[in-house]
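Here come two complexes built around subunit A, the first alongside subunit B, the second alongside subunit C.
What follows is the complex of A and B.
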């Protein structure tokens, strides 16, 4: 277990290094001159003074070679300093912190709802495998997968905000503002988690050790709880962690539509304004979190299913 | 459910354990079908108290399905469509699921062919062996878990305290089967159904497991239904043997008698085809392939492969009418038109 954790940590660090390089370089791929963009956002006059542009470049450190910029950026990032935003001039780490808080809340609520509904329902479908109930559940969730979020969000707003007036249509001021975006985001992971739960549980329930458990006198429900779920939950855990990482990165469409100040919104604005430190910090932050989450999920999986541990140790 | 003619009309609902009777398991006229196809048909089988009854037959003959039916754990799609399975006088067929849960593991337990696959990979040995203790013997979970170590020691597991914390992947096949035996015996069942418990194990381990089973059977006085296709195991382990062919018992009786004087041509062929008989240079093979229970509608099920039916005066009967399982010696029965006085014999 320890050896596995160590090896995993090494791989993770190496991945992070590569990711940091990409996160650093990607904003430069968009072409355009960030210094000009910054100046244009500050000065109403369209004709920019070339001298002012050069001065700003020197000021922002944009005139140095890329590699030198990367190394000093990385050094500061490791210390938690992501630099200053070109547009707001505030520290990027603060912006990231706020946006991340919002995105984590939204992701936890959306995915939590999805998992809490999908796992019991998927298990139920598996125990009634082939029944009308199973077909019904499968059909409805199949529909969820097909509904695009950019369509669902406005429809929900129309119904619940415009017509019924129950919920706010946008913003992030009250807990109620969370409901519509979370609902929009929850349907697709719900459908996928449900399908994988169902498939995994169908396999598990046909396993020999389930028959053996029944032969000791455990009822069908007790068998499911004691020996079924733990075995079926591994793929569910993996899939959920992938969705969680995805949601943390922020759903740009949803955050923009509902005007939610999360990661998606932050990075989106950063790109629009060519705010390089924000884009770099946002990308690195999101990818690092995704890696951390999937590592955590794997370790958790090892705990749940010791057989997986053997497979890793054998390699 | 079809009517069961052999059963006296009962005025009271099923009676509970009749422990004084000398019969533990009494299967009468059992029919098990997958859809319309019967894989077990008209099966009669009796396990007496304190004996080891071996049920032998080729794969596909319905041995395992019979065992599963007795456990109330038939695979999906299979259904009992007739007959009765009486455990200590109580018919298990059609019992409510909750009632059956209390019987399973407490009054009848089961061993399986692939012991390692029978253990939950995510649960410890202790978790699983403790289950029958708190399910059937009224112990608290804590007390049940505490007693597991002793149960493991009783089945000859070294370092039982450490093994109790093991997972299936850390056990050898033989060790896993010992664990399964400990779990099966934990509920102190009156009947143990062992479905090819040593088939997947090394030969040396096989012998150890069989000795262990026999020792524990003598100590506890329980009955054992031992399902196997290995006549060597029958010879060393069982008291009586029942031979199954195409979903029915074709011969049963005391082991010594059946090995000395098998009556049914199928049993005779089976013995000749086994390595126990060394007089032949070449291993005998039974011509043709195993008849499936659903293939034949009339006549003797073994007739297409029977070396005796040809040339005998009874061939017409063999063709048209199935013989009954009738006595041919003390406690010895055979399902063949050729009677003891006939020319058939070893």
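What follows is the complex of A and C.
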């Protein structure tokens, strides 16, 4: 177990290092000169004084070897210092902190709704496996997966904001402004979580220990809750963790559409404005969070069901 | 299919066409969703292929006297804010959306299957590290990878394809590895090993052909997701660039005018929805539970 955990930690750290190297190299990979980029962001003038560029290079240590620059940059990043944004001139870590709070709220509401609806419905579909209800639920989830959220959102805005005037069409000021974006983001995770709940529960309900529990006279509801759900929920947990990470950093389109000041919009603005420190910080933050969430879900899964690790390895 | 049935199946499968009919014949339960999905998708592909000949107008031709017109005899789906024919734009735009999604999927399936099959074959530390990397990559949202690549390489079709492939191969690798482990335990592999076949030969001639059907099914099942992601990037202005335009870009153009012309917003979204749904239904029919395994 310890060896297993150590190996896993090594791969995780190595992945993070590679991503940090990629983030560090963004200004070089895009063929630009970081000193010129910084200076241009300050004076917004394309004809730069070569002497000023050289002075800034020496000042920022950009004339040192790349590896030395990377090491000192990484040191600052680990300490939480991502530098200053080119556009807002404020510290990137502050921007990241604010955006993260917003995105966590949105992701928790959207995913929470999805799981709360998907798990009971998926279990219901599994217990009536092959019935008309089951087919109907499956077909609806397939429909949900095929809906582009940047199409559903404008339609909902048109109906609920413009015509009915019930909900705000954009922004992040009131709790009501959470409803439309969360609703749009809920559908796809709902469909996927429902499908995996259904599949897992069909497997579990066919297992011998379910028959055994039933034959001992345990009622069908008690069997379902005590033996069924407990064993069937592991894949649901894994999938939900992937979706949580996905919603945290990947709701770019919806955050832009509804003008929500979250991670997705922050990274998007960074790319559009070529605000390199924001792109670097955003990328690292999203990736680190995704990795942390996936590792945490794995550990939690092993706590719930220790045999899963063995099964996973043998798979 | 039960294990005995699988074991009895021949090591090499019939030609692709015959294999597909076989797959369709094996469809369990309700067949109509698969047939409907197949029919719709074939129709969409035909229209997109024939677009240069059958599109009624030049998609870029503006007619400012006919801005935001409703459906009429001349413009079947009306015109947009620059008086361009919506039907023609829909047909031309679909070529970009569907092609980019399809290329991405082909590349992802190819890379993923190779990595997964070899990972299972080699085993040991290599396998463990590769699968851990897959676990981590799956957790990273593909839009973020796309944004990173756009920041580095700038916008463009190849950037889009590269970005979506970098994350997209991982589910295929996971599926192919699982299948390969299953196939590796079967008798004909042992026979091939006893005959002295090389590891590469076994993977290419025995493992991959036997994994082909579930992998194809996963390709169909992931198509809708790719189509939506490509459209999403275009919708925020980072995907297909003007003067070209795809369904996502059409939705972006339509945003400011949605109150004057609801149809302008509805049509491109419906196109994405119908295409994505039809392909998902095909995938669901080819191999019902593939998506849960990847």
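By our rule, the second predicted complex is superposed on the first by the 256 of 315 C-alpha atoms of A that agree within 3 Å, B and C clash if a C-alpha of one lies under 4 Å from a C-alpha of the other, contacts with A are read in each partner's own complex, and residues count from 1 in each chain.
The working rule: a residue touches a chain if its C-beta (ideal position, glycine included) is under 8 Å from a C-beta of that chain, and two chains touch if they have at least 3 such contacts.
Every value quoted in this text rests on a predicted model; they were computed, and no experiment measured them.
Steric overlap between subunit B and subunit C is absent once the structures are superposed on subunit A; the two fit side by side. Once the two complexes are overlaid on the shared chain, A:270 sits against subunit C while remaining clear of subunit B. Applying the stated contact rule after C-alpha superposition, one finds that A:142 touches subunit C and leaves subunit B untouched. Of the two partners subunit B and subunit C, it is C that touches the larger number of subunit A residues.
Of the two partner chains, neither subunit B nor subunit C is touched by A:166. Touch criterion met: A:294 reaches subunit C, while subunit B stays clear of it.
Put simply, subunit B and subunit C get as close as 16 Å, counting only Cα atoms, in the superposed view. For subunit B in complex with subunit A, the touching residues are 71, 73, 76, 97-98, 101-106, 109-110, 112, 114, 117-123, 127-128, 131-132, 135-136, 167-169, 180, 183-184, 186-187.
Within the complex, the subunit A residues that touch subunit B are 206-209, 211-220, 226-227, 230-231, 304-307, 310.
Subunit C makes touch with subunit A in their complex at residues 29-30, 33, 128-129, 132-133, 135-136, 138-144, 147-148, 150-154, 178, 181, 224-225, 228, 231-232, 235-238, 248, 251, 255, 258-259, 262, 265-266, 268-270, 272-274, 276-277, 280-281, 284, 289, 291-292.
Those residues of subunit A that touch subunit C in the complex are listed here as 7-8, 11-12, 15, 22, 26, 29-30, 130, 135, 138-139, 142-143, 145-152, 154-155, 158, 162, 195-196, 199-200, 235, 241-242, 245-246, 248-250, 252-253, 256-257, 264, 267-268, 270-272, 274, 279, 282-283, 286-287, 290-291, 293-294, 298, 315.
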